[in-house]
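What follows is a set of structures for review.
Same chain, two partners: subunit A is paired with subunit B first, then with subunit C.
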Partner chain A sequence: MGFNLQLLFTGIGVGSIYALVALGFVLIYRATNVVNFAQGDFAMLGAFSMVVLAIDFGLPYWLSIILTLAALAAFGAIFNLAVYYPLRNRSFLPVIISTIGASILLENGVLAAYGPRPQSLPTVFSGQGITIGSVFLDSQYLLIIGVAAAMVAFQFLLFERTFIGKKLQAVSQDKEMASLLGISVGTMIMVTFIYSATLGGLAGVLVAPILFVSVGMGSSIALKAFAASIIGGFGEVTGAIIGGLILGVIETFGAAYISVPYKDAFAFLGLFIVLLFRPQGLLGERVAEKA
Partner chain B sequence: MLRNAFGMVVSLAAIALTAVGAAAHAADPIKIGMVAPSTGPVAESGKFQTEGAMLAVDEINKAGGVLGRQLQLVIEDDQSTNPGVILAFSKVAGDKDIVAFLGPIRSTQVHAMAPDVLKVAKPVLIGGTDPSLTHMGNPWLFRFRPNDSYSARVIADFGVNTLGKKKWAVVHATDAFGTAGMTSLVASLKSMGVEPVLVQGYTSNSQDFTPVVLAVKQSGADILGTYMTNEPDQGIFAKQLQQLGVKPAWVGSPTTVTTTALKLAGAALYGSYAVVDFNRDSSPAAKEFAAKYEAAYKTTPDIFGSWAYDAVHVLALAIANGKSLEPEKVRQAILAVQGYQGAEGVYNFDKNGDGLHGYNIVKNNDGTIVFEKHIDFKD
Partner chain C sequence: MSADSLAAKAVPTGRGKRRWHPGDLGTVVYAIVASCTVLAVLSVPLQGYALNLLMQASTYAIAVLGLTIVLGYTGQINLAQAAFFGLGAYSVALGTTTLSLSFWLAAILGIGIAALAGAILGLTSLRLGGHYLAMVTISFQMIATLILTNWIAVTHGPDGVPGIARPTLLGLSLAEGTRYLAFCIGILCIVGYWVYRLRMMRLGRAMQAVRDNELAAGVTGVNTYQTKVLAFTLSAALGGLGGGLFAGGFTYISPDQFSFSESVVFLTMALLGGARSPFGTAFGTGLLILLPEWLRFLKVIYLAVYGAAVILIMVFMPEGIWGFVNRFWQKFYPPPLRVLDGLAPLPLTLEKGEPDGSVILEVSALSKHFGGLKAVDQVDLKIAHNTVHALIGPNGSGKSTLLNVLSGIYRSSGGHIVLSGRDISALPPHRRAASGMGRTFQNIRLFGAMSILDNVKVGAERPGNTLASGAKALDSHALAALEFVGLAERADESVGSLSYGHQRHVEIARALAGNPALLLLDEPGAGLNHIEKDALVLLLQRLKGHGLTILIIDHDMNLVEQVADHITVLNFGRRIADGKPIDVLHDPQVIAAYLGEEAAHGTA
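Then we have the complex of A and B:
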């Protein structure tokens, strides 16, 4: 029993990491209809920013988090202007290639600036966690699960209950119509990039104490997060969370009961099965081609 | 006017160079080629490597050189890649005056350039530890670090005979390094009559090791032997072992005591053991090298510098002993080197071109690496 509960907790913890990054994917996809392949690198930048501020400069942890999120917000704006905006009137393909290019540039830029050695970052809490029965609950994972839940609630309220959320939705559904109604499409997309980059940075700050800080950390999480958002139904906020959790739990149990080396395969097998039987994703709406 | 002045400077320089060339002709330096990364992801290790070699060259030259001639290093950047090393080697090999070469510390790069080494037919001194490198019929490769078959034997010998542990869990990455290490370790344990209670592989860059830790726990192992390639993986694994209260003895591959591993895992690795080829406290020669290196470069030396330092010294010794620069004579003279005290250990070359046959065991004593013992094998 303890064995399975331990696996379940770990699965949900790892799944929450995927979910946090998947949220960023979903937001940008909703606003621009393209997948941002540099989403994982936002997390990597957030983590490196924490190392620079909290360790190299010795600033207090809370201040480093605030400055990191602010820096990522500013970076989101720059990213929009440099990577998306010049190609906004083209089809989705050039934009996707552009985000892949940005990802390569970011990873190698950080490699050149900070070197190849992975760094470590202390956890937010001083205690490692709590033990209930035979199950150990890592404090950092508890924090990640909590933040992921809070972000889902926040994002739900933002999109469904606020005026700016409605405007963001309108832009993602039909840009021309939205602009005819007097919504500034450019501003809404800018807001989306700023928010997604901040969210990615937050994910990086939270996972850094667990996964350590290295140049490739973002892309390895992003691949799973991408799969998670497809499982959940691409473009669905709740779907991204559910997809992330399912993925985390499947791979943890698969590793424990079947094979550790094939851990990643279980995750992608899950993706494969969903695509086969429910291509629109668990929560996605069926899109029929109009005649 | 300016052009005239420039032309004059160039001709003066040319005259000066010719004069220097003529003067030096009497005792041309003995050239040693070297391929090492100065760009790319592992450029940092290349710096240690060239500095180790240069330190030895300077010492030998100050002591009068070899056969009355000075040594000179010709270094090319291998860009940290396999195509890069082939390109770099073909550049240095184009210089017919070069007597021998220092090659890479990465086995995959040595494999990549091995066919060209056969064609060039001059000694290449390497640091790659894949056992097959000196066992594939290439007579020109000489190894200056103990190969991985010895690391597994030392891990098994130390764990079984010194620590007295019989219930082994072997955890390894499923890449070439991890799988080769696991195979050797399991074979060594079996030869000592020990059947591991768990052999568990994992793919590199895992975000979580809970299933592996729980498997170790359920197996009831009292000792852990590991071949983990990436330090972040090892850090996550070590921390989760500690969190879930699994505390076997631990003897790891050299990755367990790299500076990065110590920094990432912190307290989670305290009390663990590891095999390393270079440790400053392992012998007077190692201590002396470390002191000289620190005096020259103001940083602590590590495994990337020590073998290159030894390689240059052994090469100089072989040339002096054989009194010839002819490749075959140098080759025979290197193979004849026995009992040479280097920074990495005592070199006794075997017919395959392996100089070292053992490893040091070190302990992580609350973050400080302490030398435990050196285990050497005769075969």
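Then we have the complex of A and C:
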């Protein structure tokens, strides 16, 4: 029982990371109707930026985090201008391929700059945690879960309670109508990219201490986050969060009870099953009517 | 051997009096060039590095040709081509070593396994469209790599499989490198030719129609889902074939050769060369295999440059190098006008048919609800044979929704649709087309990257159209439909080169070519200027004169009055009037709902 609770805790921690990255996916998807296959590389960049700032330059941890998030925000803007904006009027296929190209560019760019050896980043807490009964709650995992919950709350407030949130929603629902009402669609999409990149970077900052920091870390997180958002119900914010948590738990239990080498396969197997029997996802995105 | 079979294909057989076509010359030239290439490879002793590069290029190109079909022709993404390639390669490797099967048997097994995997993958995910397909193929690729790496007992794990033997063909050993290469190139030439021809076959046209406009493809009679699954299966099979040959070529394989990054490489090869053309694809493959050699000085950042190149290709050459070149070619050498001699007129269903009062379409209590909104509410409609029936109503009254429900784009929320005595309420769009329903769209939906003639051919090929069976009959029938709307001479031009009004005529010709029992016209006058509108009225009157049964929606009362025999009026999703034009247009309820509302907003 204690072991299972421990696994559940770890699973929720891992799932929170997927949920954070999945949130970024969903936001960009809702604003542009395009899936950004480089979303995970935002997390990878965030993690590497922490290694460079906190270890190589020896800056304080908190300052490194702030600088990393700022850098990712700027990067989100560049990404929009270089990868999405020129293709905004085309179908989704060229844009998907373009983001895949960006992913290759980013991973190999970092590889060329930093070499293939995985880096590690210490946690701020240096291994402390809380023990409740037989379950050890690692502080980094607690931090991840807490930040993920805070971001979800923040996002909810942003979208439902602020004017800019309303504008973002309008753009995601009907770009033409939004622009007729005087909303600058281009600006809103820019805001979305900046926010999503920052969110991805934050996921990278959080996950860096529990994983090795490597160029491939982003794409494996992103693929699972994407799978999570489909499992939960694609295009739905709540679906992304629930899907992420479910996936994290399934994966942790699968690795503990079934097989470690096939750990990564569970996510994709789960995805297959969901697509087969409930393609609209657990929360059920309305299947878009074609006009 | 490959060249012989090509030459055999070059002479069209079984078509009797078919006239010489410039395309046949191309086939002969292709056959000669292909056989010379194979012979040249046989006579030049290649070895070591050059041999390996060519071996890789020719086997990769076969797999990338699969992407021409699925991505270039059908417009569906496949990010698992390396996995299918791997399935073929591992079938040959394990089949010939562990299971001691013959190379040929193992290779055929490999193609079969890859095709089966492709079919299953396609069946599960192709209903869902783009992003899901991208994700599902990536998932499949990841699982395949995990299994190849971790199922050591069977796949030998990361160490790979060594000692794969090359086969003997008709008593001739292909063990020697150049011979095997010549064999691979021969296969590549055959596959390339077939993929090239596919574009001009019925299946190929259906694929392109799905790519250019899936919705229109469905209502034109293309089974879009089946077409996509077939494309995916064929693509996977070609991946398996390429992989099987690859395993024989290198005699050693390991899991890292079939990873996700290789799938991306395959995709880039197709895109760079131009996914819509097999020549472009082959060119792209060769280029990307040679590029690393030329860019050796970039070694460390090579892959980063590669990623940047993918973005740049998408931004500046979305149709690849071949599409880029082709565009210039088309600009300076536009296709000539068709010379039409002895073209039979379009055989319309009933020449000078007289309305006899019998009903062709009966709609009863039809509803369509979007959540709480009743866009179409309990509508009854009867359309008599050989009449032009107009459906009018203010904006938002549910006319277009009704048409979409009739043609199967929307599933009805209740009620029945009976066409020619058959209940079609539950059928998908392509089966409604097969039962004789043709339609056009308010916002023109043509197959944008296809020629005018090919657009109309897709229409003529609707299942159940007996007037256009056989390649020759198909051609002349499609041309006759174009002649009817006055565009036959320009048949070989791209639809994009036509004016808006002419595009509308092509859309009508596409529907006519299918020989529909009932033609639905969704605001055919929308967006046309006065001259174009006059031409449209003339065309509609000619159709009416031929006795075609038409259901037309339009706002232009002038147009409606000139052609309609019968008018039904909708308001807020409900039928408020139905009858002869003169009665309906004087109905006070209609004036209040329709014209009255117009008058109220008249000054705006």
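The rule is short, and it goes like this: the second predicted complex is superposed on the first by the 285 of 291 C-alpha atoms of A that agree within 3 Å, B and C clash if a C-alpha of one lies under 4 Å from a C-alpha of the other, contacts with A are read in each partner's own complex, and residues count from 1 in each chain.
Here, a contact is a pair of C-beta atoms (placed from the backbone, for glycine too) under 8 Å apart; a residue touches a chain by one contact, two chains touch by 3 or more.
Only a predicted model underlies this, so the values are computations on that prediction, with no experimental measurement involved.
Visitor: Once the structures are superposed on A, label A:Asp138 by its partner contacts, choosing first (subunit B), second (subunit C), both or neither.
Guide: first
Visitor: For A:Ala256, is the partner it touches subunit B (first), subunit C (second), both, or none of the two (neither)?
Guide: Only subunit B; A:Ala256 stays clear of subunit C.
Visitor: Residues of subunit A touched: more by subunit B or subunit C?
Guide: C
Visitor: Output check: A:Ser214 vs subunit B and subunit C. Expected answer is one of first, second, both, neither. What do you get?
Guide: first
Visitor: Check whether A:Phe226 is in contact with subunit B, with subunit C, with both or with neither, and answer first, second, both or neither.
Guide: After superposition on chain A, A:Phe226 lies in contact with subunit C alone.
Visitor: Answer with first, second, both or neither: which of subunit B and subunit C does A:Val26 touch in the superposed model?
Guide: After superposition on chain A, A:Val26 lies in contact with neither partner.
Visitor: Mind working out whether A:Val237 is in touch with subunit B, subunit C, both or neither, as first, second, both or neither?
Guide: So A:Val237 meets neither subunit B nor subunit C here.
Visitor: Looking at A:Leu111 after the superposition, I want to know if it touches subunit B, subunit C, both of them or none. Which is it: first, second, both, neither?
Guide: Both partners, subunit B and subunit C.
Visitor: Touching A:Asp264 in the superposition: subunit B (first), subunit C (second), both, neither?
Guide: In the superposition, A:Asp264 touches subunit B and subunit C alike.
Visitor: If you lay the two complexes on top of each other, which residues of subunit A touch subunit B in one and subunit C in the other?
Guide: Dual-contact residues (subunit A): 111, 261, 264.
Visitor: Give the list of subunit C residues in touch with subunit A in this complex.
Guide: Subunit C reaches subunit A through residues 75, 77, 79, 124-125, 127-128, 130-132, 134-136, 138-140, 142-143, 146-147, 149-150, 215, 261, 264, 267-268, 271, 300-304, 306-311, 313-315, 318, 370, 404, 409-410.
Visitor: Per the contact definition, I'd like the list of subunit A residues that touch subunit C in the complex.
Guide: Contacts found on subunit A: 29, 35, 37, 82-83, 86-87, 90, 92-98, 100-109, 111-112, 223, 226-227, 230, 234, 261-262, 264-265, 267-269, 271-272, 275-276, 279, 289-291.
Visitor: In their complex, what parts of subunit A are in touch with subunit B?
Guide: Its residues touching subunit B are 3, 6-7, 10, 13-14, 17, 111, 115-120, 128-129, 136, 138, 210-212, 214, 216, 220-221, 252, 255-256, 260-261, 263-264.
Visitor: Which subunit B residues qualify as touching subunit A in the complex?
Guide: Touch residues, subunit B against subunit A: 41-42, 44, 174, 200-203, 205-208, 210-212, 214-215, 218, 231-232, 235-236, 243-245, 260, 263-264, 266.
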